[in-house]
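By letter and in written order, the chains are A, B, C and D; residue numbering begins at 1 in each of them.
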Amino acid sequence: MIRVGLVGYGYWGPNLARNFNSNSNCNLVRIADMSDKRRELAQRTYPNVDVVDDPARVTTADDIDIAVIATPVFTHYDLAKAALTYGKHVWVEKPMTSTHEQAIELVDLAESKGLTLMVDHTFLFTGAVMKMKELVDTNELGELYYFDSVRINLGLFQHDINVIWDLAPHDFAIMDYLLGPSARAVTANGSGHFATGLEDVAYVTVFYDNNLMAHFHLNWLSPVKLRRTVIGGSRRMLVWDDLNPEERIKIYDKGMEVETKEGLYRILATPRIGAMHSPVVPNTEALTLEVDYMLSCIANKQKPFNDGAAGARIVAMLEATDMSLRQQGKLVELKH
Amino acid sequence: MIRVGLVGYGYWGPNLARNFNSNSNCNLVRIADMSDKRRELAQRTYPNVDVVDDPARVTTADDIDIAVIATPVFTHYDLAKAALTYGKHVWVEKPMTSTHEQAIELVDLAESKGLTLMVDHTFLFTGAVMKMKELVDTNELGELYYFDSVRINLGLFQHDINVIWDLAPHDFAIMDYLLGPSARAVTANGSGHFATGLEDVAYVTVFYDNNLMAHFHLNWLSPVKLRRTVIGGSRRMLVWDDLNPEERIKIYDKGMEVETKEGLYRILATPRIGAMHSPVVPNTEALTLEVDYMLSCIANKQKPFNDGAAGARIVAMLEATDMSLRQQGKLVELKH
Amino acid sequence: MIRVGLVGYGYWGPNLARNFNSNSNCNLVRIADMSDKRRELAQRTYPNVDVVDDPARVTTADDIDIAVIATPVFTHYDLAKAALTYGKHVWVEKPMTSTHEQAIELVDLAESKGLTLMVDHTFLFTGAVMKMKELVDTNELGELYYFDSVRINLGLFQHDINVIWDLAPHDFAIMDYLLGPSARAVTANGSGHFATGLEDVAYVTVFYDNNLMAHFHLNWLSPVKLRRTVIGGSRRMLVWDDLNPEERIKIYDKGMEVETKEGLYRILATPRIGAMHSPVVPNTEALTLEVDYMLSCIANKQKPFNDGAAGARIVAMLEATDMSLRQQGKLVELKH
Amino acid sequence: MIRVGLVGYGYWGPNLARNFNSNSNCNLVRIADMSDKRRELAQRTYPNVDVVDDPARVTTADDIDIAVIATPVFTHYDLAKAALTYGKHVWVEKPMTSTHEQAIELVDLAESKGLTLMVDHTFLFTGAVMKMKELVDTNELGELYYFDSVRINLGLFQHDINVIWDLAPHDFAIMDYLLGPSARAVTANGSGHFATGLEDVAYVTVFYDNNLMAHFHLNWLSPVKLRRTVIGGSRRMLVWDDLNPEERIKIYDKGMEVETKEGLYRILATPRIGAMHSPVVPNTEALTLEVDYMLSCIANKQKPFNDGAAGARIVAMLEATDMSLRQQGKLVELKH
């Protein structure tokens, strides 16, 4: 049985522990966390798991096959590098690393060792995103006009990354999954209101191939919580409201009918109003599917679609937003 | 009794006609429109009003004291100039003119003739905006952190202006009213998907004094209609949902409590969750109040707060968005 | 051209005046109202219409073909009887009369004179109800299990009728239209909280053929306004939310899958969760269609489906609720 | 340390196990369930707890101080009686028993033995109900006019009880808590659509002292899930929407202003529209507080407010609904 070790039992770690623990194709054998309090909680919840303080007991130990890394971003590179070096498959939280250079180094290391390196972009395993992928792949929406995402709430501030690094990886990864690696340029504006100087409100625009513009509103200072994405297509339009579990995806048979007319008061386009359809979106926990998927990728020596290379592309986009922020929203081209 | 003439009986004209007609301090005496169909409708609704095709019968006629101009934007300057030249007070729809230069010329002309020139920024007369003005003036919200506005719907495309010129004047005028003339720089991104080339989806960021960032999402291609503004302040936060007549304004006693801590896993700020309060917002039709206000300004020789100078500032901002759009979102400074 | 006279320019009268006035197949020639203020308003809005105070100028005059009666309920019988006696077609507001006996007398009188007698159950001409009629007639919903309607708001109290007589006619008429005359028994509970003693909160249950139970929550004392109807069917379920113009009708492919099992903890039925569909519901003003329909019924000597007989059935149901209220919710059988 | 045994690890049992297990003032020592599958799940989750199949190992064992009973309703009486006989405090799920007679017998037995008998009406420990209790006790709402509750969803059918016995105990217990034992009479209508004959849609009206009418809509066949209660008071009105965690309680400063007027068209009452206020409602898990409360009641020999006597009153009301259902909604008086 594949043996799993988890580093980091903070905010997200417990969900990882629960899912790896309940999967019958692997054993959760060890959890490492530097906090006494978190270790105590982990031990109480999993009396049969080995709970330790030293991350090396996961990343370099002989009895671990998969190292799951759920620690602050700036530690990802070192921990993942150690684990790969010691022959472990790696599951790392998003964003993958602090720099694109680090990410590429990990990709190369995993490649050379024949190990699976997977970045946890959980949303890709939700019923909603799988449905959107299907709709895009079958051209149900037609030509894509725009992608508009709002992720705002009164936030749990992170002390080491700004709101873009915290929230945008979700959207960047979803777009990468839906469209493939077609992002071309990035612009970002934002502002921070507290002593850290880190942006807590930000707006990011990404330009993709084929005249597709995507826009992301990311905000830790909103009195209301919204998780809403609108996709405008030439054939249909879609709204994904992740906080509405009963009608998570709505597909609108709406659009514009355009005629060319002349004269002073002429309207050039009129709305086409059609029915709305809300398909069934499975509610299976995404993390459960993702753990299954990783185990299957390892067993079948298959490269996951959310592999290190995909994770690295997201980090490249995040670096580009930093560069744009420093230049008052200047357009930054992405090199691939 | 003050005599009113209206030029333009298209989309908005009927609302103006109804409000000027029902105000007991003025007489609606003439309506001009170039379309046979619109004239017929006007005459049927107002059998006692003189309905004509030539706008000059309003702008240059002896028996008109106020010329109300509700025609396409590119005609505003000529019509308003004629009316002012012939000694009429002018009510002109937003945006005031196609260029800032034209706007300034009209302001100077009105000034020199001692005439009232008022730009119809209707939202300034809604209960919601009046309530927000009160909250800002009394510092109920504290220091303002951001202003985020979403105006999206499946649109009535305009043939002569893009979605920014159509929808952003509302927000620009509201901000100008709330904060005074403190906009410093503008950036805009957008894209158009039809033959006109005019942007139908756009994002505009405006930088105000005191580190206040405002962002506007303007969209004619959205399957859902939203009119929502969020204001984040250091003391309280506010949501204005103009499509929710029962709870149009919500004030949240929410914010972030910030402490400086050290160490790896420390959170620097925690949410402060307080009550929400939705005050009574009067439902009086804004246009009714605005017509009253213009008549009172004329009677008292008082300068309206939505005067030509305010209208000109809005046009300057619109011009800046055009410039930014042409340079891929480059920051454009506003000169005042 | 058919000549129309309107009695009553109160709450609903202006809508009737506007629609009859703008229909090109009839002439609105006279409006009668006993209030000086309402007459003044009517005259200002319709300078070319004859505005009078005496209802007899409509009900008995030679130059009127259709008498439209929009006065308090207790006056309907006398006014409609006079109009029919003087050979006029009659449009009367709901509820048709104060008693079933009066209603039947009017039906007989209209019959004997060959005149059209139509009761204004406006909702039957809305896109939403027409869509529901289509779904019921084509068996899209399957066998009907229940009909649940909520009509609550902070109300405009009526001084002469209770909340059931005010609001239930809408639902009773919709059910009569959807199902035909199949109501069998009625039970009602309610309470009044003010000096009039009239019920301002009430619950009505109606039993129809085929084990169908309908329930109506009627309330003038609610802090929120709701207009929502749920229909449960064996094949599909439907929600009609009349305050949500964008998604007025939602059809759910949901139901229960029932298996017979044995044993202590066995569940007998599991939910079947399918997609939701919101069809396009035309937004044409119902009253506009209803005025057209009456004119067409008169022209073609066709009996309207919302004729006096239908109106009389609704009054019989209202009388039954009164009887049930007086006996603490006792079941009252309906005789047809 | 107080030792806890749980009987029943089905739908609700895992929540009880989790809360008793994590409370530091008691030990969860044993779980009994007749299903192999459920026992396996329990053992996996709690490797250190004794998992058995025989309920007597909880109800009659020497090493158990509190027996927690979370089994089908018809088994409650026997299990609770055994546990009390063997000197254990009892926590029993709602509804307490199948008959009022059984409930009274348990109350007497607990009384004679000096044991704590508590019925799990979880909602009484939610922030929302605690806030409502505070508002009623301080007369913030004024005189109560009505209480209207809607609990509908596409249901998990129970094989042994109808929808009233499943869902109404929540509301009956909340009313009993808010108002004390003041229910006077009950009427119920309902219908069942499947082979069991058990009602799956039902409407219950309860009459309380002081002209207060309460109404409950209970439905397992609804395409949408609602958990909404409206309370109308003379001073304020309240909406509790349990599915809206951000604005669970809304208090409306609304009501009717009543004047006595004369004449045909006079309105007797006009709405008073005031602000809406949504207070902070703590999100602490109700079960956590309830477990604490039971332990504290036992320690302090204090009678819980949700004791057997309160549970028995709820069962008496449920029995009355059965009687009313069998007589087509006849009013059934409650004897206390």
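Just so it is clear, contacts are C-beta pairs under 8 Å (C-beta built on N, C-alpha and C of every residue); 3 or more make two chains touch, one makes a residue touch a chain.
All values reported here derive from a predicted model rather than from experimental measurement.
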Shortest chain-hopping distance from chain A out to chain D: 1
Which chains, if any, touch chain B and chain D both? A, C
If I rank B-C and A-C by number of C-beta contact pairs, which comes first? A-C
Can you give the whole-Å distance between the Cα centres of chain B and chain C? 41
Rounded to the nearest whole Å, what is the centre-to-centre distance of chain A and chain C, using the mean of the C-alpha atoms as each centre? 53
Mind pulling the chain C residues that touch 2 or more other chains? 224, 273, 276
Within their complex, state which residues of chain C touch chain B. 47-48, 224-225, 246
Give every residue of chain B touching chain A within the complex, in rising order. 10, 34-35, 72, 145-146, 148, 152, 154-159, 185, 187, 189-191, 193-196, 201, 203, 205, 211, 213, 215, 217, 219-224, 230, 232, 234, 237-239, 250, 252, 254-256, 258, 260-261, 264-271, 273, 276, 328-331
Quick one: which bits of chain D touch chain B in the complex? Just the residue numbers, please. 247, 273-280
